[in-house]
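What follows is chain A paired twice: with chain B in the first complex and chain C in the second.
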Partner chain A sequence: MDFIMNFPFFSIMICMLAALSSFMLGRKAAAIVAKGAIFITLVLSVVLTGWLHVRGESFVYMMGHFPAPWGNEIRAGELEGVMAIFTCIVALLSLTAGKTSIRTAVDKSKQNLFYLITCLMEASLLALIYTNDIFTGYVFIEINTIAGCGLIMIKNNGRAIASAVRYMVVSLVGSGLFLIGTTLLYSITGHLLMENINSSVAEIHASGNYSVTITIITALMTVGLSIKSGLFPFHLWIPDAYAVSIVPSSAMLSGMVSKGYIFLLIKLIYRVIGFDVFRSTGVFDLIFVAGIAAMIMGSVAAIRSGYLRRMTAYSSVSQIGYIFMGIGIANEAGAVAAIFHIITHGLTKSLLFMSAASFTGKKEDIKISDLKGLGHKHPVSAATFSAAALSIVGFPLFAGFIAKMLLANASFTEGWRMYGAICAIAVSTILNVVYFFRCIINLYAYGGFDGKEDETAVVATEEPQFAPTRYEKTIHGISVVLLALINLYIGFAPKLLTSILTKGLNVFD
Partner chain B sequence: MDRINNNEKKRFYTVFKIVATILMICLAASLIICMFDMPRLFSEEHPGENVVAERYIESGIEETGAVNFVAGMILDYRAFDTFGESNVLFAATICVMVLLLGHKPSDRSEHETVPRTVKNDVILKTIAKFAVPFILMFGIYVILNGHLSPGGGFSGGAIVGSGFILAAVSFGFDRMEKFLNKKSAGIITFVSLLVYCLAKSYSFFTGANHLESGIPLGTPGAILSSGLILILNICVGFVVACTMYSFFSLMRRGKI
Partner chain C sequence: MFEQIYNHFNDIVAALLFVIGFSNLLFQKNLIKKIIGLNIMDVAIYLLLASQGFIRGRIAPILTDGSESAVTYINPIPSGLVLTGIVVSVSVTALMLSMTIRLYRKYRTLDLDEILMKIRQEREEED
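On to the complex of A and B.
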């Protein structure tokens, strides 16, 4: 066994240890420890993914002295590696870009707890990504839920707590459904390990028993996970949670937390229930229709909302619709496109939230009409915001374009699904253009902020301790530019990522 | 945002109730349908009676050294899950701290709660004086015998924590603070979780790399047996007891 196979285990444990030690550290030390731990994890994940890509097959790692059906195990393949890299990037850059927000909006004595929750979140997401056991998945879903609440309510004002409560209630319903599904699955298969469930579900399906039960299990687990990731009829917690919480929280929640559940759903389809059985239950149609509805309704809601961060949050609803539509296309290309969009959307949406932070200042949110001319005051953030907006709209050269193209391509072989998918992508793109271009035009418009009168007004309202320091401005700029460059890189050279994803999905089952 | 008038609100709640009821009935119906379809529990053909359970029961004692199968299962075979569970507790503690630490109860509630805790309630104090030591002893017994008899860190820790809460309620928080305050509770939680984390990391690492762990299992049935399980139980017990007490204290007065 190669030493490199320990890396998934190391990355989970490093994040856990960082979380633990943040508990005893001051806020500055906690920040360094958290960023260091996530950076080390990032390096480990990159090395691991490269190694897996060269090796071309996945491996399982025994957690303890007992082999799989008795003990726990984790599994690492290229897909898992890419997802780990992606969550590390989002977490790390959210922390660096959101430094001002953490300093000003979080109580001084609780700032180390914020870093703690971030590390805990990263560790549980990594465990969720690498897990090969459905019950381990559930345990880490729980940590994710609780840490998500913590991320929202770290701001500790009335609205943040109200939206954290809402998030918690909705999220717990989701994990409850997932748990019911898990127990039912255990009682008909007698296993919790993904491979064993897969083979015994295939056996049961072939024998024709329990067909109703399998359908109900699939539906329950799918609905549970889609509630947690905010698919359309269950999306009402999203705008509050993303728009009210502090900047790094909303970047992480939208960028990686909701995506972890979608990845688990894909794992569920391919590794637990099995693609053919899942297809025979008809849940794919459900996901497909809900995804299309989300794409349209999310965009409509985004157009209707007049506030910047709220609009971005609603745009998240529509983009999650794209991902679910990709899964619902029900072929491998669709799944690859969905995972591709998980990554591009995660990177883009967190970039939007980080850039928007410069415009809102210490306020919670800003009216879109008030953006007028702010692009001249914050040139870097405005440029990255525009880049991210163009990527979401699907402008060529950006990653979002590739994602939409992959989604459309995947649907071509699928009969009636093709019409739905292509029409929905077209309509949703136009709606995306409407609300994002409104912001970009406002940002670069003259007439709002270019007189002296405005400048004094801004200075008067902005108390000195709330303004970002020079250092914070610099690292914020570096982080957003880095994210935008990653986005552009994926847009220019999608071959590498798509080949890794395709290969990863092939060794998935 | 548009103002919602009362009529609309009322209409919303009626629709909400109807839809929620329908959804719940659907969920219940589908679960009941599932129930009729399920294999019978405790029958020979139940899929749960497979190689997994067999090995736990047949060779559990010699492989883990724990007479209590459940302890062997959760702390040795499936230790990663339990590690996650104890981190759930940790995350919950942190979230309650984020929410309530430094939160000052409003004047009215302070007026109501503070005198009640220091009131000279003779019956409560006398009974607590007798009961608390026994509760703590029993909790420690349950923790230490986790690998021999039913119980373990989670349940024993809950008993110890409730003993602390009873002591705090009857003798006042000031006296409890002498040995269980924010600093000491933090250190206890931190050290226990750290020991847990490092011990389990060591065991995961050696297990996965097929190395000898070098931890003696001892003779099953003795108090010093079953390798790491006893230490892990003690750690979990500390964490759970501190968590219970700090939840109560945070909710009562906004600090530990």
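On to the complex of A and C.
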């Protein structure tokens, strides 16, 4: 066995240990430990993905020394590697860009706990990505939920806690449904490892027994995971949670937390239930229709909300709809497009939240009409905000365009799904333009800012502790520009990423 | 019919409990009752899970009178999973209770609708 095969395990454990040690450290040491741990994980994941890409196949890693049907396993392929790299990038840049927000909005004595939660969440996401055992998947879903709740309530005001309660209530229903699905799956197959479940489900399906049970299991698990990732009818907790929490929290929640569950759903389809069996249950249609509804309704809600961060949160609802629609197209190209969009949307939405932090200042949220002229005051954030907005709208040269094109391309071979997908993408794109261009136009408008300059200067001198320091400004600028450049790079050269994703999905089952 | 009910008695009770817990979790306004609903829901799932491993007439998998054949014992894996699940459920309950305490200290009520209304008022006052 090559030493490099230990890397997935190392990445999970490094983040876990960093989380445990942050508890005992001061806030500055905790920040360094957390960023260091995530950076090491990033390096490990890059090396691992490169190695897997050259080698061209995946591997299974035994946890402990029990062989296949009994032990616990980790599996790593290119797909998992790319997802790990992506979560590390988002987590690291959220921490660096959100430094001001952490310093000003969180109690001094509790700032190390924020890093604890971040590391815990990164560890649980990595475990969700790498695990090959469905019950381990369930446990890490719950850890991820608790970490997400911590991210929301770290602000410790009434609003944040109330939205954390709503998030928990909805999420717990989701994990309950997932656990019932797991239980039933165990009772008909007798296995917990994904490969063994897959082969016994295929056998059971071929014999024609338990077809209703299999349908119920797939429906329960799919509904559970989509509740947790905030698909349309279950999206009510999203705007509160994303708009109320501090900046790095909303960047991570929108960029990574909901994406981990979607990745687990894709794993469920391809590795646990098996694509053909999943297709025969008809759950794909459900996902497809819910995805389209989310695309439209999320955008409409975003247009109706007059606040910047709340609007961005509703836009998340619509983008998650895109991802689910991609899965619901029910072919391999659709799944590749969905994973591609998971990555582009994660990068773009976290960039939007980070850039918006410059405009909101110490306030929780800002009216879109109050954005007038702020683009001249914060040129870097305004530029990156516009870049991210263009990417979400699907402007060519940005990653979002490639994602939408892949989604549309994937639907061409699928009969009635083609009409639905293409119409929905067209309508949703126009709606996206309506609400994002309103912000961009306001940002670069002349007028509002000139008159208010003296007043804002007075406010800034009154409360100097809320203004970002020069160092924080620089590091925020570097983070957002870096993220925008990654976005542009994916938009210019999508071949590498799509080829890795396609190859990764081929070795998935 | 009755034999079916007798054979699947645990599953039926689990399903009923799940529905009770689920609807309490979603539709109760009082936060404490919500948490009680959550616990009932979790217990229902654990009952279902534990009864998957139970085989009538067999004993717990502890070597006492030297029988090493598998037919003597029940399947221990679901029991292990239930233990893990209980740990998860305990931590989630603790978290929910701590949030409830904080909300009560701030708003002096346990009614979630009332709390959300007060938050809305707060927000309108700020604007």
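We take it that the second predicted complex is superposed on the first by the 498 of 509 C-alpha atoms of A that agree within 3 Å, B and C clash if a C-alpha of one lies under 4 Å from a C-alpha of the other, contacts with A are read in each partner's own complex, and residues count from 1 in each chain.
What we mean here is this: contacts are C-beta pairs under 8 Å (C-beta built on N, C-alpha and C of every residue); 3 or more make two chains touch, one makes a residue touch a chain.
The structure displayed is predicted, hence computed values, not measured ones.
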Report task. With the two complexes superposed on chain A, say which partner A:V165 touches: chain B (first), chain C (second), both, or neither. Result -> second
Report task. With the two complexes superposed on chain A, say which partner A:F9 touches: chain B (first), chain C (second), both, or neither. Result -> first
Query raised in the report: On chain A, which partner touches more residues: chain B or chain C?
Result: B
Report task. Using the superposition on chain A described above, determine whether A:L179 touches chain B (first), chain C (second), both, or neither. Result -> second
Query raised in the report: With the two structures laid over each other on chain A, which partner does A:F140 touch: chain B (first), chain C (second), both, or neither?
Result: first
Requested in this report: Look at A:I475 in the shared chain and tell me whether it touches chain B only, chain C only, both, or neither; answer first, second, both or neither.
Outcome: neither
Query raised in the report: Does chain B (first) or chain C (second) touch A:I117, or do both, or does neither?
Result: first
Requested in this report: Kindly classify A:A408 by the partners it touches after superposition: chain B alone (first), chain C alone (second), both, or neither?
Outcome: neither
Query raised in the report: Do chain B and chain C touch any of the same residues on chain A, and if so, which?
Result: 135, 139, 142, 146, 149, 153, 156, 161, 180, 186-187
Query raised in the report: In the complex of these two chains, what residues of chain C are touching chain A?
Result: 18, 22, 25-26, 31, 34, 38, 41-42, 45, 48-49, 52, 77-78, 81, 84-85, 88, 91-92, 95-96, 99-100, 102-103, 106-107, 112, 115-116, 118-119, 122-123
Report summary line: As the complex stands, chain B meets chain A at residues 30-31, 33-34, 37-39, 46-52, 55-56, 63, 76-81, 84-85, 87-88, 90-92, 94-95, 97-99, 101-102, 186-187, 189-190, 193-194, 197, 201, 203-210, 213
Requested in this report: Flag every residue of chain A that touches chain B in the complex, lowest number first.
Outcome: 1, 5-6, 9, 13, 16-17, 19-20, 23-24, 61-66, 69-72, 74, 107, 109-110, 113, 116-117, 120, 123-124, 127, 133, 135-136, 139-140, 142-143, 146-147, 149-150, 153-154, 156, 161, 180, 184, 186-191, 200, 210, 212-213, 216-217, 219-220
Report task. Could you please specify the touching residues of chain A with respect to chain C in the complex? Result -> 135, 139, 142, 145-146, 149, 153, 156, 158-159, 161-162, 164-166, 168-169, 172-173, 176, 179-180, 183, 186-187, 192
